[in-house]
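For reference, chains read A, B, C and D in written order, and residue numbers begin at 1 within each chain.
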Amino acid sequence: MGKKIEKIGVLTSGGDAPGMNAAIRAVVRACAYYNIECVGVYRGYQGLIEGDFKMLTARNVSNIINRGGTILKSARSKEFRTKEGREKAYKEIKKAEIDALVLIGGDGTFTGGMVFNQEFTLPCIGIPGTIDNDICGTNFTIGYDTALNTVVDVIDKIRDTASSHNRLFFVEVMGRDAGFIALNAGVGAGAEEILIPEEDLGLDRLLESLKRTKRSGKSSSIVVVSEGDKIGKNVFELADYVEEHLPQYEVRVSVLGHMQRGGAPSCFDRVLATRLGVKAVELLLDGKSNLMVGLINNKVETTDLDHAVKGQHEINKELLRVSDIMSI
Amino acid sequence: MGKKIEKIGVLTSGGDAPGMNAAIRAVVRACAYYNIECVGVYRGYQGLIEGDFKMLTARNVSNIINRGGTILKSARSKEFRTKEGREKAYKEIKKAEIDALVLIGGDGTFTGGMVFNQEFTLPCIGIPGTIDNDICGTNFTIGYDTALNTVVDVIDKIRDTASSHNRLFFVEVMGRDAGFIALNAGVGAGAEEILIPEEDLGLDRLLESLKRTKRSGKSSSIVVVSEGDKIGKNVFELADYVEEHLPQYEVRVSVLGHMQRGGAPSCFDRVLATRLGVKAVELLLDGKSNLMVGLINNKVETTDLDHAVKGQHEINKELLRVSDIMSI
Amino acid sequence: MGKKIEKIGVLTSGGDAPGMNAAIRAVVRACAYYNIECVGVYRGYQGLIEGDFKMLTARNVSNIINRGGTILKSARSKEFRTKEGREKAYKEIKKAEIDALVLIGGDGTFTGGMVFNQEFTLPCIGIPGTIDNDICGTNFTIGYDTALNTVVDVIDKIRDTASSHNRLFFVEVMGRDAGFIALNAGVGAGAEEILIPEEDLGLDRLLESLKRTKRSGKSSSIVVVSEGDKIGKNVFELADYVEEHLPQYEVRVSVLGHMQRGGAPSCFDRVLATRLGVKAVELLLDGKSNLMVGLINNKVETTDLDHAVKGQHEINKELLRVSDIMSI
Amino acid sequence: MGKKIEKIGVLTSGGDAPGMNAAIRAVVRACAYYNIECVGVYRGYQGLIEGDFKMLTARNVSNIINRGGTILKSARSKEFRTKEGREKAYKEIKKAEIDALVLIGGDGTFTGGMVFNQEFTLPCIGIPGTIDNDICGTNFTIGYDTALNTVVDVIDKIRDTASSHNRLFFVEVMGRDAGFIALNAGVGAGAEEILIPEEDLGLDRLLESLKRTKRSGKSSSIVVVSEGDKIGKNVFELADYVEEHLPQYEVRVSVLGHMQRGGAPSCFDRVLATRLGVKAVELLLDGKSNLMVGLINNKVETTDLDHAVKGQHEINKELLRVSDIMSI
């Protein structure tokens, strides 16, 4: 149905994630393989408005599969939220004869794409690229696995010094609305407690648990805290609170911050990004639109963009329980 | 059914894999959580025969979640393949009052367990720990993800020098009977060709493909070869053959070898090992036996040990196709 | 002169540093090699006071050369600053028949040792173990090289995301009184500006320089700030100040914190620690005391402890200039 | 003396080394800083002959400080060894109005430069870039520190599996004529024996030492062997020999190969390369020629190219002795 696809645009938008370059490479090479053109759009939707485009060939994406960040850059665009902005973008798309878009990003990216698609019926496919793993319709988002390894690697280092000095560390990791990073990296790093927005442990139970930890003979402890934790205090207030109520502990805080967004992607993220990038192009060539590609049970599957954005990617209750058992 | 479980033995057997220690820790702590005893068996089935046991408490497994190898050591045991050997083992088990076993390893490990279980009806649960990912009943075996990251990290380094000198590298990776590591790490490392036992590309097509690669303007190339590749030549012969037929290439060989078995496990492998370790204990407490725990569609599931060993964990055909598209 | 040395005590004190375990291993094995006994003292001077000792053999220090932290733990001891505390410590030493001490740490550690040595004439040798590199009498302290690699590795990750979003990052690194880490890691990470306590750039020149950077076409920038920078503002105030005066920049802050103290030591730190550990034992056996061992021009040399503490390890002016040239 | 320098050419030649890109960046930016032009010469002396040049500005070398390999590529040139080849090269240099050369590489590179300089009196400065550290006039060559970290990191992984299976590993590292990598990485990795070309241990003493190691209670062992070891057998023959004479050992071999040449450079190598690159340009502007820049006692110093090539960079006898003591 619709026009034959002869030129595909690709953009990255929202917070960047390791593996976005691998996804871009896959889209570009799949286009080359199927003998259609590929246009890179710089700085996400803002570049779409400004016509900041560049033709990309298979050779342009050599040696980027292992690089963090995104060669297409990313940006937030207020202008794209206005009707005028989107009309400008559409004009540039027509001028450049782009027939369809591949959108790499998170739910903000997909929402923008859906609105645009509704107004101008341009075919578009979404690829989930965000370290937060908070997208419905895929077991894993691109960048999430790498971020977990980064966090676990840093906490391994922090544990070295925590253990040398018998200290308690509060380590804040990314995840404003979702505790995926905190829960998985916390289990992977052997954290004694994990505080996530999806579950309010409560201050009393935290103190109780830390007291028990001390009694059990552990000399040092790590508490992993999600940015978006709802316990009612930020991580520094939390540390002060605990130090005040449990003077037997010497408490330190570490906020990991943006390093979690960078670095060479893990093999998992590279393979995931490559598979999803190829599938996105094939879906467009197949006349499909408004879908997100994702990995479910180790197979590439599709979901309505609408569901990807509105659905709830639930935290793993079993893993919460496992984490509890491990902290004995 | 059967005797109440009050003491569980745990052993690692076969080739070691990163994350085995995380699995041991999980088994030990789950035992502590459920108030039963846990006994570590050293050097796999050989240690079972010799009664090389040690009581393990939650504190004994502190700070091992991030260590490669296995604190329980691993070994191959010829003696356990004899009836006499297994009878000795059973006597030691009785003496130590061990009620059930958790077996961490690959198909050799599980086969040993099944035979033993048949003869002496001791409950046992298997946990898949091998870098090869060649076990049925789980999407991922423990150690596989870490091995992929190790391989990709090394090939990234090799590509630096391949690219500086415009060379072609043959990189041999582990996988005697299965191409999982070669295929996934090959895609992750952006290899131009991937040779695996499951698919015989043929020498002619390899030459053809490398010629095309050269013509397409690539200055350097990586071919990932699985140990068990069936193309009829070992990796050094293959390199000679290619250099002879394609003199435009300067060819080098790198055999990665045992480094693929070691190193700090990735977050994925640590979390996987932790979840499977807990589940193994809970299954035994629940009266179950002769099962392997695994991860399917991101959930912990069980499979008959028999099926885990005899079933075929098929290579991903879609990924083979993706790999082809990427090498354009 | 003095009593024959037959038993040596070794302790780590102050902030821990990667490579301390390699130094402990070297001291223990050198003792074994020279057929004398070695006693590990736990938790620095506090453990000395409490008699928290353990005999260490060559096998006790297997597989620790690659571990961050210190197996002997570290602590600050208020009690050791009192005459009473030191007398208790001396009694414990006599009781344990320890003839001499090897002290691994920074200037606080050495000062404690000198006072103790003055009062009780116990032979002692210092080994410089601190990530700060702020000790006189050695080109490099143990842990410094590893900390530099950790910082550079993290800033590489931050640059990925800085570059994707065209952002300016302020990255705070350790170094309360010395800018060694900031200056070297800043040059190594290709930072656009480096703020260290030894040189007050001034806010105006910082703004000027950042304006110039923007004009020169750089899309993202990294400013590395030493903890102890004297520019009069902490790193968050600095970021706010710059964002206010240079609205063309989107500014972010990252405080690296304690991860800089941990992790597997680099080869350089392991070799350094091993050489210094052996030499410390040999000096004691040779009747020497009150010296620090260090590396000067790639040779192991000695310095009076007094000079090591009071001398000034000057920042490298040439490197400051090089850093300026590179930020063009 | 001589013509005013207004345009500098820079090339990399011989085996590539991590940090070469950092050196290129430093040369290019120092030229920009001093307001002179910089020309990149591709593929070493071969590119000089073919006039394969590209103007490089400060922006062209952004984001390469952390990359392995060399953006200028490297190659061996037979043609440059002929008078005709060098005459062609000189013509291209004249045509491009290049006034002086910076040569990044090892002794082959410097020898080529000296011959060329003698014939055509073009000013040239050498920068030591090789992982082998076999150059006189500098404590460290660029790439050496990174290679050591790569080797130590891999041996840490191998030890994990060696220790799980109680095995003896022979690990071959680079260094055809010099044992620097083997000796330093061997000490850093805690190897039980180190075999280097500078010292012939002899097969008998190797067996003796391995027997002693076994008796001392070590369960696994690592022997690091330099490529150029003179013990009269290659590493596989050596392994067979040992397995035959010491059946108590299960022996494995690992040849690390080209991965040692790649990877992101360590902070040390980046800073070293940056300092040497700046100094090279400043020396040329100062009218100097035929010198190599190096690091001696942590200061940038110069040496005659002739001495750099012909002098002997001696192995550290003290470190050999330290290695012996550690293997107790």
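Just so it is clear, contacts are C-beta pairs under 8 Å (C-beta built on N, C-alpha and C of every residue); 3 or more make two chains touch, one makes a residue touch a chain.
Here the structure is a predicted model, which is why all the values come from computation and not from measurement.
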Identity of the chain that, by mean CA position, is farthest from chain C: B
Pair of chains joined by more contacts [C-beta pairs], A-B or A-C: A-B
Between chain D and chain A, distance of the C-alpha-averaged centres to the nearest whole Å: 39
Centre-of-Cα separation between chain B and chain A, whole angstrom: 28
Between chain A and chain C, centroid-to-centroid distance (C-alpha), Å: 36
Of all residues in chain B, the ones touching two or more other chains: 156, 159, 163
Chain contact topology (line, ring, star, complete or other): ring
Complex contacts: residues of chain C adjacent to chain A: 12, 15-16, 18, 20, 67-70, 73-75, 150, 154, 156-166, 169, 219, 252-255, 257-259, 261-263
Chain D partner contacts - residues on chain C that touch it in the complex: 25-26, 29-30, 32-33, 58-59, 62-63, 65-66, 139, 145, 148-149, 151-153, 156, 159, 163, 184-185, 187-190, 216-218, 264, 266-268, 270-271, 274-275, 278, 296-300, 316, 318-319, 322, 325-326, 328
